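Per-chain residue numbering starts at 1, and chain names A, B, C and D are given in the order in which the chains are listed.
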């Protein structure tokens, strides 16, 4: 299949959508990006790649970081982790507190904010003061790139404006499902959200999930096959908040979005993809990114269904 | 792969679970089945099949019927259908009214009762008095078996005891999302739920979804490839009520369960499966059936992820 | 105090509000009333009365009937009744199903529809086929007027359009909190709602509650002092759906409204009042009626607080 | 009426209930009180008083403080305050976040924690750094007692363990309904909750509400008659969290409880009462205190209904 030609076709077809959607504006550092960016990076198992747009320009990965931290926590805790965070779709917006109250502080899944905060807490229990550097180290390993880092301005902006996340962590703590100091956990969480990566780096960093736990380029085994499949299933059912069903329905690939405008997706046994375009739809997912991936599976027939 | 040997292995391994779970008892006709039954049928594209247990013994398909009626409605209405029923996981039990009230009578998806009732209503708008015979005809076609029929005793039992479903349909009607007479629609719905099929028949009837819309045995095109994939994605994200995420996580196949004790699942481009065992877990899905399918994908590596 | 002068003052002051609000239109029989009517009747313990407008013109009492049926049920069952219906404000609209699902079919109070339906069911358990005639008889007694009856057209309209109430009763039945046939109970409920009374009749019919259970004119004891006080407290905390707090806050009298446009209220140890004006506010209470009562307690200082 | 004799009768009758209920234990400072205390203070307009138990022993007033801060805020802002906090019963536990999310950060009423926090914020907007000293000053004025102060240990305990309140304030801030720094507001709120008063002081401090806004002993006008009545109505409909309806039903007086074990209540135009007994019922109100007040209105006939 001529992937490069397909990407170019997609670029032409999504042109009429530019201008729709709205860049995340809850912190100034995100609000100030150029809203009309669009890029895709495809990474194959043999190291070849395809792309359009500025595939090496970094952006804030935000919730995509939840895939990395959940991988780390699942690797360490295994099934024990399920006692503290579930793996069911929530049917609610990403930052909802409602379900948390009815379900005694056990978040539905690790990809809503509440679940990612509990996941971060579980990592703080292991790595203490080194938690964030371990997360960064893990991402550098799976992306095979030592230059990845976080953005201090975005981090501080989140710290100052993240009231809803403070509400979530305090709520969970009130149910006893946060074991460490709120301050330590929330800082870890906000730092992981402010990590900067390019579409090319993100696509590469997802290859191990497309390849059953093993990075196909470095041959490093990151996680067992069985756990890799479970992470993929979780991306499919819960990767896009309350638009997860719609993404599965229209795109048909395991994926994870972030309010920074990025979406990663994997085609099992074939490739990893990252799309970037910062304008978001009503559910907080990249509007053009979602559409581009829908066109991609329609044109290639690569949906997992 | 020696599927027959794998099925026998599964049968041995699930033995310790017999006795767990509880047969649906909200109507006498369901409560009176032998609780310790267990059977699996595997149907391949070339007509070969594998099985254990009484794969030709019929049981009440209940919610599995929702896959057939949604296929019919999607085929007829296409995207228009989404205005009346969504495709997002609900995060709530199968018969919940809560979301319906907050979301103005638009059910989250066609696989919760509310959504299946709206789907039935959409078919009554097309086929009027012939709706149920058209549904039966459709199922006979996809299963390639003219003997399939419904059970009058179960139907009447549902009519007498289905208060929650009457609550749902009246609630939806109050929002204007039922277009026909409540009596006509609810009877159609209860009749489709009381259809009796065997594991072998059900597995065969799902082959068109595993084969992108075309029945691989009769070569009849039932639905377009694109729509078949969407139905599969919906089975993955919403096929098992508020245990859908868990099923995707552990089994990793599109599937649909019914409180009669059946679960159907498909392996895209390969086969269709039906498991039957009437004791249910807390979410209303066959307890042993779910476990058997988990063992199946673990042993065969056939998860879609 | 010159009550007649005060009523006339109120009439002048509420003039600018005519035209605001909307007549109940869910059934034709209610929608067709003249929207600009306004009347008040004050009934004193000694038989004297004051009034403005057409105080002898009948209208559909709707939810005001809940006060009568609750009085009958409380009289018969006493505390036993609390097992089936509570006495807490619901914080939700009058026809909400949400709380009912979370709270296993036990309605919060007898003045929301769900609670009134359970109350009607409790009366059907006592009076069987004679339930409605007993209700009518009770109302005729407390109002001291044998001419009171129901409106057949409104009753049939409710039967045909009352989907939300059918949803409620089926929901409650699914939890086992309806003991009789749905049809018998819902007909009783719809009939009680379609009873026609004039402001003068309604005000008279509330005198026993203002006078600690004894009708001050006929000297008949309807209910014990203790129970009369409890009914009054319930009218204060729950009498106006999710605007009950606002009514208590601004008017400060126990009262009960109906979507027909009537509001009854009592001044303990002094009098009973009925206001009628069919345009409703957003919570389904008479807009002008509420304002008129607010002016009345402001001008007279007769709030219970 | 011989109030002293009635109080002694009540004391005898509630004896069998000692041992039921559970002292608040979310902070050590509250958990360590003697659970078997019981005292009542009645304060009349002419300065006479009645009492049983240690009516001069101080305890933590907790949520009773919400009456004082709401009085201050209503006095200053009038109707403007309603834009930020409602006056409807919530139908939910005192620390629930659910409604807050559905209703965009506008608390239902000032007597649930969320509403009291918004009220505290509204005072911080007026008094800045002096807010708490102004609150203390206000309470000293209405109680006519300069010795009233807060307990530093309780305050610090709340600061350390009040995760649910931190969740609430951050949630409200995320909707823009907290105008000052979270730290300043929450400290004010926790300090007001840790104020220590005796039953005699509390009863005296409520006299102005029983007397239409004017302290009957000092003749100081604290608030207008109309506002005093509104505060009383709010105590009746919302003073006891999700047991407010039950309190109105059984006691029939405007009142406010605190988890410290105190309940204040007023009899309009007659007296103010404070009961203290630290064991709480399931809704967080003094179990024996509630029962004692029920006996009081039953024996005296002083219910407002």
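Following the convention adopted for this analysis, a residue touches a chain if its C-beta (ideal position, glycine included) is under 8 Å from a C-beta of that chain, and two chains touch if they have at least 3 such contacts.
These numbers were taken from a predicted model, which means no experiment stands behind them.
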Please state, in steps, how far chain C lies from chain A along the shortest route of touching chains.
-> 2
Euclidean distance of C-alpha centroids - chain A vs chain B, Å | 32
Inter-chain centre distance, chain A versus chain D - centres from mean C-alpha coordinates, in Å | 47
Would you kindly tell me how far, in whole Å, the mean C-alpha position of chain D lies from that of chain B?
-> 55
Which chain A residues reach two or more other chains?
-> none
Sort the chain contact graph into one of these: line, ring, star, complete or other.
-> ring
Hey, which residues of chain C end up touching chain D in the complex?
-> 86-92, 99, 108-109, 225-226, 228-230, 232-234, 236-238, 242-246, 248-250, 252, 254, 268, 298, 303-305
Tell me, which parts of chain B touch chain C in their complex?
-> 96-98, 101-102, 163-164, 166-168, 170-171, 173-174, 182
